Structures are given as structure tokens and as C-alpha cells.
Amino acid sequence: MSQWDVVIGLEIHVRLALDSKLFSGASAQYGAAPNSQVSFLDAALPGTLPVVNERAIDYAVRFGLSIDADIPEVTRFARKNYFYPDLPKGYQISQMDDPIVGRGQIEIETDKGAKIVNITRAHLEEDAGKSIHDQYDDWTAIDLNRAGTALIEVVSEPELYSAKEAVAYMRAIYNRVTFLGICDGNLQEGSFRCDANVSLKPTGSETLGTRAEIKNLNSFRFIEKAINFEIKRQKQRLERGEEVVQETRLYDADKDQTRTMRSKEDANDYRYFPDPDLPALNITADRLAKQRAVMPELPEAKLTRYTREWHLPEDDARQLAYDVAMSQFYEQSQALTKAEPVDNAKFLITDFNALLNEQDSDIKSTNISPGQYAGLLDAMSSGEISRKIAKQVLAEMWTSGESAETIIEQQGLAQISDSGALQSIITQLIKDNPNQVEQFKAGNDKMFNYFIGQVMKQTKGQANPAQTKQILEELLSNE
Amino acid sequence: MINLSIRELNQLLEKKQISLPELSSIYLDRCQQFNPLLNALLHINDDIQPEQLLTADNATGLLSGIPLIHKDLFSTHGVRTTAGSRMLAEYIPPFDATVVARLNQAGMMSLGKANMDEFAMGSSNEYSYFGPVNNPWDLNRVPGGSSGGSAAAVAARLTPVATASDTGGSIRQPAAFCGITGIKPSYGRASRFGMIAFASSLDQAGVMAVSADDCGLVLEAMMGHDDKDSTSIKADPWSWQAPQDAAMQGLKVGVIPAWIEQLTDDDIKQSTLSALETLVEQGAELIEVDLPHAELAVAAYYILAPAEASANLARFDGIRFGHQCADKSDDINDMYRKTRSEGFGAEVQRRIMLGTWALSSGYYDDYYCQAQRIRRLISEDFKQAFSQVDVMAVPVSPEVPFKHGEKSDGVNMYQADQFTIPSSLAGLPCLSMPIQPAHNLPVGLQLIGPYFNEQIILTTAAKFQMVTDYHRQMPEAFV
Amino acid sequence: MSINRKELTEMAELAKLDLNAEQTRQVGQSLNQITAMVERIKKADTAQVKPMFHPCQFWMPLRDDVVAEPSRKTELLALARHADDNFYLVPKVIE
């Protein structure tokens, strides 16, 4: 087998979903006309000064709390010094020694089960502008709209041991930041980017090998391919007795290979020092408490609760737990209904969802309130209507806005559970369909369904299915 | 006229003995007439600006209509702002510095921009790209720096008031060299927004004028919290209260015997002692104090200031504003290097190199961090001293204004900042006021106050100026 | 502590300054004089002392997350030596 162990660490850049930039009041919205969202500070005009965006702090704290990280009382910004045309000040304001989020952890799904991955730290920093190389032959065009927008950089420990694990970790962080509402999750727009540090070491060795960094991966599919290519490349070199060069590489998706990048940061000494324009920030207990209070219950916690307390099957539980709006609707309706959580979940995921798809809508936009939906659930659980009818009622609730009760009453949709009534209907049917009865007695079980169908037809679907079955069985057996 | 105080000028304007335009014209004419001798000004307005006149007409308060010159470090909207450098020789800021805006609002009439050492780095105004400034008291001598132009302009009465900046002594030393009064408030009192940054944790905007009273009036209008500057203090507005009389009973004045001993020039020593005598005559009590770590101040400063400057000046890359090298470069690095080497003078380049070194990995802790530790020690020394005294009276400079070119070696000049640097590091309010000349050349006495207490140093100076008239003297050639 | 020529060249590269041989020599000389002067700070007993990065005695202020700056596109591009109607332009950079 392989003599090499793979060691991967990921640095993920999460663009925060803020209205304005980290240090300036210019708009942070994506997609605007070039250089139309650049303040004097963003262009680094002499004499301009940074002022920190409070919501960026809150979002960073929220992230830190969600990964059970230490949030320090005092955090500082630092300057990372290097020259590049899309870095207007000639330094990036980032964090060095006192990052806003300390050590934390997150659980990922691997094919060997759940695994805890440690996060070294997370810190706030500003993004650079964009360099556009294909606009002109002799020039590179610079757009500073993105310069100064807020990022959180999340640094994992080098504890991922395969490309698949790396993807799982990337997904876990992605789900987390989108769930917390701190990132819009738009991969195409670059809201979530990943740098992967990949190295190999001889199996059993304690010393980490030289690592290469693959920069700016913003797709789950590509990151897996890029890492796998890189692993193969490094393995080939090491097996040939060559060294792996510590360098930065880019992934070329067309060719499915990584190549050396002529680095923007080829001067390695960034000469970090605390930014003298920004005094230290005090993160108060109040701020922490406030973020704890607004933080939604995490999907992982919901998943546990749904499976353990409400006995939902894993798949259903997962589907609801990881959908913010759905889980909210689910929990709100469950609080108002006598129906079993499992049944609620089932109906929500299948029938309600089907209706939403049909209407090209989503749970947030529906005009059916959790309370109204709870009413429908009650009608089902009490046996007043069958599930099939409930589906019909739901559609009616959607168009009319009326409550379930009203619709059932108005349209006389209540299930027929009166055994006397059912008995007469079935008795009549048996009398009227002697052929089918004969076939059933001869062993053709399909005829049973024929009779059920006929009962439903006559009762317009309102016959109580369970009772119909019971009575039909009884009467047929008497034949 | 030109020897009148702000209050006296205000009276003339109030009584309509002179109109606003007339007053400004008198000074504008003097600027035109005398600047060729001094080279104190880099820009003189062609005429009085109508908008300024309008604002002044509508402004109430003592400063309304009073002429003013801004050090060319302050961004003035639509008016060239060079920082004394080729790098910004053509730069026209699209906004006003906060300090400029506030004084405009108070109705002051800005007449032009003052020459200065390039990027505020220097103590003689010999490092300006636009040529040296001449001391009005002796045109063969330096006016001090970096606010040499501001100091010379006030001394020659080209303007009653000039704004200036002080990082390690750049207001106090030129004020002493030119026989005028100059104050640097506590760090954080005057907004740095729009003031081109040299060393962010040390730079402060201040005032130069003939008297302490004049300085107080202007400082009051200039100071105050600015939410565009994160290092700006939030405090109750301060109002300058001029003293009623010159009595100093109960005032405890700290003196540092070691510093007086270091004055090898006997005449300067005599002037200093004589000035201290005057304080005693007014009822003050002299108390000996010591600042044990002050001897390390110059060393610490010449690590910290260049370090911060090296990062602050990284934005000057020719791309978004300012000088760019003439030949089209094939390569961006080439462009950076040529642009910066052409744009920056030798002293600035030297300090950038020094700063880059001090922040380099391997040196950061031993030099940069160590310097910041010494800063704390010096700050503590001052706190100790101020537990025993109300104000400190110490020398400004060990020398009188020297001849142009006499100090060809920059490093030689650094040590002369030994008396001004300690209070800069501690961020304390300090001023220089004229005392008895030495060798027929101006000499200053420095008053240092506790953090936040501009009132006490201005009061002490104002009282001193009630019983002396050194500050009223002006150079013969410009009468 | 003396700065050697190699270090000087590295620093000049980090600071993007173009120093010729003579300038490098001069800067080296100045820097060595200065570093000799600043060496003295190493002697101070600072074992228990925390660095004082800011003379301010207060915490960082924060601002609301609102868009408070209009587009400055025309003004800004007008300040640049090389720009078209939309972008700043620099000599082609190869990544």
C-alpha cells in the first residue's frame, strides 16, 4: 500500500454578508460597475483612516461561539505589508497576535463516521481588489470595488487526511456560515474561497513534509480534484527522490492540474505589526451574550433533537435540520398541533414540499401559517380526513387562504368513518360486482384494490382507508 | 496691525474699523512680498476665496475672519497638498482634513499652504523637495522642522496663525527656533483625518501663533472628537479659558536638572534658568523630577516612527494618485521602484529602510516591541512626575537655529530631539513659548502637561506672556 | 548590530526602493549609525513590561453597518496617471 500519509490544512476565506465594508462606509454589494464602490479610504488617499464595522465584529463573534471557540476580551488589528496593485494601501489590515476567534472545533462527516476537526483560529481581514488581466494586452486593469470588503479567515489544524475529508470540512464550514446568516454562500461570486495546504509524509513519521499551497478554490468539486492531483504530483516527486518545493500553486480546472503561481506575495516577510490607526477592541460580555441570544440553534443540535426526542428517521431529520426556514416552520407548527412529530415531518417533506414546488415557491413565502398548517395536521391525526384528502385541502388552503376546518366543512370533505355507512356501500359493491368477487376468491389479490378503488370513487375519496380495508376484508371473507 | 492678537483683530473687525477682505488682503500682500525671502509657503491663494468670505461673514466667534495658513500636510479640498514631496507635487485632494474643515467653519480665512520637511521627516526644513525655508531671524539659518514653513510664516507675520503637526517635536522645535508659540495637544485630541500620515501613533495636529492665548483660541476650534478617526478621543468639548492675571501661586512646576545640565550652550542654559526664575517670581514652586527612561526616548522613537512611516508610505506607488515614473515600465515592480525612488527624497528613503528593518522578522521583537515597551516606561515616568507636579518646564532644543547645511548628517540631527521626543511618545500635551534669546537667536521653553490637560500649559504660558514680551518680538527685516 | 549588504538589498526590495550601489552604501552607513544608537534600548529592563502600541487610553470605537459613501469613481480615476473610464491601469502583471 501507500508509504505516504497525506496531511491537509485548509484556510477558508468567508466573505461576510454586510452592507458596507470592513473599514469604510462604501457599499459591499457584489456586481457593481467597476470602481463605483470605492471610498477615499478604499483608494488609500493620504490622510484617510479606517473605522471598524460593528456588524463584522458581531458576525465574527457569532462564528466563534458556534465552534465553541475562545473569544478573547481584547482583540487587535495588524498590518500585513506587501506591494500589489490591487492592495491600495500597500498593506492589508488583518489580525496577527490577538485574533477575534481562538481555538475551536467542528464536526465533519467522513465515510468512517463523524470526526472532530480542530480550528486553529479565525480572524477578520479586508479583501483586496480585483486585477483583470485580459482587458488589455499591455495593461492589467484594477477594480477596487472588492478592496476593503470584510472577510473572516478560518484556519484549520492540519488534521485532514484525504481530499474527501477536506471537502467534508469545507462543506461543514460552508453550511455553518450560511446557516448562521453571516455569509450568503454564493460560490460563483466568490463569497467562499479556500486555500489548501497539502503535504505528504512517510507513513508513521512524526515530521510533516514540505507543503504546497493551492490557492483560491471556490468549488467543492474542484477542490477535491485539485487536492487529488496535488497528492499525486507530490507522491511522484517524492518517489523519484525529488523534493517538494514550498510554493503557491493554482488549480487549472480545464487541464485538471495545479501549476506554480508567480506569487503576488513572493516577498515572504510581511512585517506584521499592530495597526496604529486602530486601538485595541474590547469584546464585552454583553456582546457575547447578545450573539448567543440571536444565534439560531445549530443544525447539528436540531438533528440530534429531531432524531432522539422526536424519533424522526435520520434522512427526514437531516432534511429539516439543515434548512433554516423549513425547520422553523416545522417547529412552530409542531408546537401548535396534537399530531406526532414524525407525521408532521413526513407530510411537510413530501406533500407540502410538492405543493411548494408546484407553485414555484418556498416555505418563507407561503401564505399558509404554521398555525393553519397545524390545524390541518390535527384534522389528519384525529382521523377527520385522510392524508390524501389533506393534500387536497392544503392546495385549497393555498388558494383560498381559509383554514383547514373551514374548507373541510364547506366541501364536506370529512372522512367517512361511520362503519354502518361503509358497510352498506361495500355490501352493495360486492353485490354489484360478482365477477370481481369470484376472481378475488380464486386468489387474485389485485381485486381487493379494485374494491378499495370503487369505495373511494363512490365516497369521493373520503372513506376512511383503514376502516374500509377492515370492513372489506370482513365482508369478502364472508363470501 | 500685524502685531495684534486675535482678540484685538476681532475687535477691529467687530467695530468695522477694518473689513474682512481688507484684513486678509494685508496678509496676502505680505505673503506675496516676503515669501521669496523665506520660501515658507508652497501655495499662496491668488485672491480671497468668496466661499470663505461668506462663511466668515456668517460665523460668530473670535476666529471669524482671522487669516490662517495650513501646513502642506493637511488635505485641502481642491488645493494642491504636497507634504513637501515630489511624490505629491501635483496632488489635489478631493476632500478637506477635519481640522481644515473645522477652522473653515469657524470662519478663518485660509491664505495658502506652508512648506515643510518632506512627509514631516526632519528638524530643519532642509528636506523639502521645494527647497529649504529660511529663518526670518537670520535667512542663513534654518527655521527648524518639520513645520518650518508654518513657523517662519508666523514669525515674519505673513499670517497670525498657522496649523502645523508634531510627531517628535515638529511644532515645538520650529516654534523655539522662530521665536513664536506652538502647541501640540494630547494624542487623540485633534483629528488626524486628512492629515497625511507619518507615524500614526505619534502624529498630532497643532497650532502656531504669536501668543499662547492665540493658540488656545484656535486649538479650541480645532480639537474634538471625529468619528472618522478611530484614535480620536470622545470627551466633553474643551473651551479655552484665558487667565485673568499672571499669578502662579500654588503652581507646582517640575524641572529636570539632568536636562538642564545637558545644555552645553551656556546662553541657552541661562535663558532657560531665567525663564524658570520668572515662573518662581510669579509664585510657582519648582520641584525637581526625573524621567529615568527618557534617555532611551530618541532610540525608541527612531525605531517606532520610521516603522510606522514605512507602512504609511507604502500607498505611494504611482497607481491611484501622485507621482508616477515617466517611462512606461514593462514590469510592475520596476514601476514601483522607479516611482518611489524618484518621488521620495533621501531622508524619507532612509527612514523607510530603517522602518522596514525594524519590522523585519528577527528584529521585530528586539527593536519594535522593545521600543514600545520603553514607550510604556516613559509614559509611567511621566505619570510618576505628574503625581508630584502640575506642569513640567523643560528645554526644547539644546541648540539655537543652525546654519543651512551645517548638519549635513541626518543622524546627527536626531539626537537634538532628546527633549521633545519623550512627551511625544507619551502622547502628552506640550508647547514651546519664546524666552530670552541666546546669541541673538530665538530660544524656547517647553511646557508639558498631564494627558488631556491643554488648559494648564496654555494658562501657564499665557501668564508668562503677561509679564514678558519675548513673544511680541519680531525680526527687523519683516516689520 | 550591523546591517550587511545582502540585508540592505532585501529591505530595498521589500520597500520597493531602487538604490544604486552608492546609495546603498550611504543608506547602509546611516542605518548602521542609527542602529548603533538604537541598540541601547536592548539594555533596558523590560521583562515585566507590556508594549504600549497606542498612547490612547480607550478602546476602539465601532460604526454601524450602513452604506454611507457615494460613488467617487470620476473623482478618483481623475487622480490617477493611467486610467480608462472604468479601471486603474498598471503594466501587465503575470500571475
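Structural remarks
Letters A, B and C mark the chains as written, and numbering starts fresh at 1 in each.
One rule holds for everything that comes next: a residue touches a chain if its C-beta (ideal position, glycine included) is under 8 Å from a C-beta of that chain, and two chains touch if they have at least 3 such contacts.
On a predicted model such as this, the values are computed, not experimentally measured, just so you know.
Two chain pairs, A-B and B-C, are compared here, and B-C has more C-beta pairs in contact (counted per touch definition above). Taking each chain's centre as the mean of its CA atoms, A is the chain most distant from chain B. Averaged C-alpha coordinates give centres for chain A and chain C that are 41 Å from one another. One finds 57 Å separating the Cα centroids of chain A and chain B. Averaging C-alpha coordinates per chain places the centre of chain B 23 Å away from that of chain C.
In chain B, the residues that reach two or more other chains under the touch definition are 91, 94, 201, 227, 230-231, 310, 314, 317, 319-321, 332-333, 336, 356, 360. Looking at chain C, one finds that residues 14, 16, 53-54, 56, 58, 60-61, 63, 72, 76, 79, 82, 88, 90-91, 93 touch two or more other chains. With touch defined as above, residues shared between interfaces to two or more other chains in chain A number as follows: 40, 43, 45, 51-52, 81, 83, 85, 140, 142, 269, 271, 276, 278-279. Residue ranges on chain A touching chain B, taken from their complex, read 40, 43-52, 79, 81, 83, 85, 88-91, 140, 142, 269, 271-273, 276-279. Residues 74-75, 81, 83, 88, 91, 93-95, 97, 192-197, 199-201, 227-231, 307-308, 310-311, 313-317, 319-321, 332-333, 336, 356, 359-361, 364, 368 of chain B are the ones touching chain A in the complex. Those residues of chain C that touch chain A in the shared complex are 13-14, 16, 53-54, 56, 58-69, 71-73, 76-77, 79, 82, 84, 86-95. Of all the residues in chain B, the ones that touch chain C in their complex are 91-92, 94, 187-188, 201-202, 227, 230-231, 233-234, 293, 296, 298-300, 302-303, 310, 314, 317-321, 324, 328-338, 340-341, 344, 349-350, 352-354, 356-357, 360, 366-367, 369-377, 379, 410-411, 414-415, 425-427, 451. Chain A contributes residues 18-20, 24-27, 33-40, 43, 45, 51-57, 76, 81, 83, 85, 131-133, 135-144, 250, 261-262, 264, 267, 269, 271, 274, 276, 278-282 to its touches with chain C in the complex.
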